[in-house]
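Could you have a look at this structure, given as structure tokens, before my questions?
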Amino acid sequence: MENDETPVGIKRRDFIISSFILSAASFGCLSLTSCQAFSDWAVAEELTMSADRNDRFERGWKKLKEIDGDAGEKVIEALKDIAPDLGRYTIEYPFGDVYSREGLDVKSREIATVAALAAMGNAQPQLKVHIGAALNVGCSAQEIVEIIIQMSVYAGFPAALNAAAAAKAVFSERGIINV
Amino acid sequence: MENDETPVGIKRRDFIISSFILSAASFGCLSLTSCQAFSDWAVAEELTMSADRNDRFERGWKKLKEIDGDAGEKVIEALKDIAPDLGRYTIEYPFGDVYSREGLDVKSREIATVAALAAMGNAQPQLKVHIGAALNVGCSAQEIVEIIIQMSVYAGFPAALNAAAAAKAVFSERGIINV
Amino acid sequence: MENDETPVGIKRRDFIISSFILSAASFGCLSLTSCQAFSDWAVAEELTMSADRNDRFERGWKKLKEIDGDAGEKVIEALKDIAPDLGRYTIEYPFGDVYSREGLDVKSREIATVAALAAMGNAQPQLKVHIGAALNVGCSAQEIVEIIIQMSVYAGFPAALNAAAAAKAVFSERGIINV
Amino acid sequence: MENDETPVGIKRRDFIISSFILSAASFGCLSLTSCQAFSDWAVAEELTMSADRNDRFERGWKKLKEIDGDAGEKVIEALKDIAPDLGRYTIEYPFGDVYSREGLDVKSREIATVAALAAMGNAQPQLKVHIGAALNVGCSAQEIVEIIIQMSVYAGFPAALNAAAAAKAVFSERGIINV
Amino acid sequence: MENDETPVGIKRRDFIISSFILSAASFGCLSLTSCQAFSDWAVAEELTMSADRNDRFERGWKKLKEIDGDAGEKVIEALKDIAPDLGRYTIEYPFGDVYSREGLDVKSREIATVAALAAMGNAQPQLKVHIGAALNVGCSAQEIVEIIIQMSVYAGFPAALNAAAAAKAVFSERGIINV
Amino acid sequence: MENDETPVGIKRRDFIISSFILSAASFGCLSLTSCQAFSDWAVAEELTMSADRNDRFERGWKKLKEIDGDAGEKVIEALKDIAPDLGRYTIEYPFGDVYSREGLDVKSREIATVAALAAMGNAQPQLKVHIGAALNVGCSAQEIVEIIIQMSVYAGFPAALNAAAAAKAVFSERGIINV
């Protein structure tokens, strides 16, 4: 599906593990040690790395698109010329590992993220992405505003005012409010 | 009820508004301007202040106790010798105004607060109070741990590790984990 | 007076307390409990809320305009489409409660605020508003520059350099310096 | 080797991939799809997860011990009761992914980390661990002090003074200075 | 005077400027103006600058003791084993250069510093030193509390609460309050 | 040389030390050691210190231009209308004192600075200057990217992503990458 393609600029070194095992099996190897194809350490290495990439990267990429939508994709796209591995890690760790965890629903996760970014006050572009993400996963505009108002208590009024400006930009872009 | 009493050390200058209006009415004043007792500016001032205190302070105090429990009360108690008005404001604005708002349930509010305090990383005592508060309003220990793990993404691993240490202390105190 | 009008967008639910008491008195109620009009809890509630709004909001609005001038008004105006209640709180708590306090003169209050915002380094719009406010309440341009230089000691040179850029913009806008 | 053991408390769900493939091969499966043992999704899932764990976790654990030594191990140990997965991530992402990268020598990496933690000023325990780590990978005590002095420029004197106190504690513990 | 001695551990390379002028005089110059070598403006400038250099440390040391008192001295003392040059810089730049400037009275300077450190929230030891310093230069306890209350607006309630705890410790130590 | 000129707006009070020694010689001293006035160690020390003072600005200015190049000069230039003394201090303390120190090579110093500014996340203009400075003193683009990736661990992904955007702008401006 078009939506599930990996982004341009992220060097995909992954190798489909199932097809690899298939190949291995197709060699008719009866034991790993007696089989040339598998005695090569580098191949085994590739295998583990492929497995790694396959899983976390793919899962993360889907999660990123599910939560952040186009805005998330643009973040990764913008990294391709400068730090593609940071793009890969952004997919793998935050989305492949953390947002894919059970134990806290994704709406609550976005509430936590909007709160944290509003409170930190030094990550305006990410705050905008996650205000959009919060809307995507079911937060109402009102709930987002409530989180922002609450941050005046913990991080002060300037942090809340600047977060409100970020929300205004996102809500306006989405046609939620007319400015 | 014992639980609803205002804390010692917060100088209650409030004046029961109903009894004041009662008094006013008992003067038989037919109009405010013609009545000496009310033409005094200071009295009017007292009235508005009483009204103010009554509402926001009382609502905030109940909310504080409902959410933070004893830990919240201790925060206010600790301020009585140094900055009682900061104690009063802590009750009135965060709890009387913000936590009393509709539009976001109190569990989501505590998720936002734990996230923000963990991310800021410079408010360890308040983080502990709100980890406890999150438990009080229905967050599971697991959900709190999930918020903290997620903060490693936005504020870095040191912030998450220090928040985990705070959670460990609170969970241990509550007998949720044995350390 | 035009200058004292409340801003558009802030929903004024306040109720003039004096006229309410007047009305109460005009009922000829001799005691609050015996008077139907006042025995209604909701009305008493409305009364306290009106008193609250009246006092803190009006006092805060005047203080905001006195200190921040048009820049402050624009902050509130910008919130009307997104978070009018945050606008109301910004008037009520910082200005109605805190800046209206005795115990520290307003010039010292602005010195404190410019220092804090310069040191925090993540609230450039608010820093500009308060550099203007500092000028409004009697700080000289030189005193503001001294505060900023001093912040190089506590928050580092980047914080001081960025605050100097903010001061340059404000001073230039006011015609204090020609750039 | 004792030193390379994984820490207690980190639930090792890993599965030796080579032995697994071995087993698969030993089934004499000629193709993956025709082979019961591999048609089970859960097993495949386990495989990818094992591969994942194997690689990044093992590499990270060795790197953590090489760089941070016992101090790093204690960090992971302290998490076992509260957030073992955060411990696993701390091993996998910072150490398995980032510190294992080429392109910057490990001494330069510790210079960067000590600088960042000293400048942030809200991660004293981690700063101590990394001052020790910097010593472990070849920074001299003098070089560490130079980094700290330099942070007075970027984050202010309080940050530098508190980092110097952290260095004093670590150097004293290691017998580098006598206090 | 005992109080003016430089701290142990700070290498004193300073030289009494008067003895230098004495040396100049020993060249036979009876007056500075009648002596060619010294009548040169540039030389006089040079002399002043030497004095100044001398002066930065000496002036800073006096200023530090005047403002921070024993607490400041202890800060420098604590650095002697680990980073004496950071101690020297702390005397020379913040106190010799910045606090010695005209253009802002020292009381206003301490108001700015207490505000900044309270707002930053990650420099508790320095905040305590400067709460003491503020008292030393004429701030009342009440004025310090007002600054702290005001920081709840700009940096949030946790920052204000933690600063209040610092003030409580300092005021108690000084016998201003009994706890 | 054009490149070594001091910036407009910074008052040059410096004095060529050699002319001072010349003056000394004009007193009839044939050699420094045979001349009582100058044979005094303290005097020589004093002379050195004068030179040193002279030196802080001159040394700092050269260091600033060597490290930061034109970008550094523009920072100082931008201050001339608003806070020229902050410009002077920026030259004297960070560059005349700190970057001129021995004990840590200048490449390591820039690694530390890029790391700190990326982690702090509220000093984007200074981060750009120092990414350029890092290139100037021998860091490769790849090494800078590695530092930035590493900051995702300590300060979170938003800090790393914003630093990557800063690096992209600088690398693009220098023609290192084509965007």
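A few notes on this one:
To keep things simple, chains are lettered A, B, C, D, E and F as they appear, and every chain counts its residues starting from 1.
FYI, a residue touches a chain if its C-beta (ideal position, glycine included) is under 8 Å from a C-beta of that chain, and two chains touch if they have at least 3 such contacts.
Composition by chain, UniProt nomenclature: A, B, C, D, E, F = Carboxymuconolactone decarboxylase.
None of these values were measured; they are calculated from a predicted model.
Considering every other chain in turn, the ones in contact with both chain B and chain C prove to be A, D, E, F. Bringing chain A onto chain B by least-squares fit of CA atoms involves turning it by 180°, to the nearest 5. Centroid analysis (C-alpha atoms only) places C farthest from chain D. If you compare A-D with D-E, the chain pair joined by more contacting C-beta pairs is A-D. Interface of chain B with chain D: the two copies contact each other largely through different residue positions, with under half of all numbers used appearing on both sides.
Of all chains, the one whose mean C-alpha position sits at the greatest distance from that of chain A is E. When the contact pairs of D-F are matched by residue number against C-E, B-C or B-D, over half are shared only with C-E. With centres taken as mean Cα positions, chain C sits 40 Å from chain A. Across the assembly, chain C contributes 85, 89, 93-94, 98, 101, 117, 119-123, 126, 145, 149, 152-159 as residues in contact with two or more other chains. If you draw each protein chain as a dot and join the dots that touch, every dot ends up joined to every other dot.
Contacts from chain C toward chain F in the complex involve residues 120-122, 145, 148-149, 152, 156-162, 164-165, 167-168, 171, 177-179.
Those residues of chain E whose C-beta lies close enough to touch chain A in the complex are 119, 152-159. Residues 17-19, 21-22, 24-26, 28-32, 35, 38, 44, 47-52, 54-56, 85, 89, 93, 97-98, 101 of chain B are the ones that touch chain C when the two sit in their complex. Within the complex formed with chain B, the chain A residues making contact are 93-94, 98-99, 101, 103-104, 108-109, 111-120, 123, 126, 142-143, 145-147, 149-155. Those residues of chain B lying in contact with chain E across their complex are 75, 78-79, 81-83, 85-86, 89-90, 93-94, 117, 120-123, 125-126.
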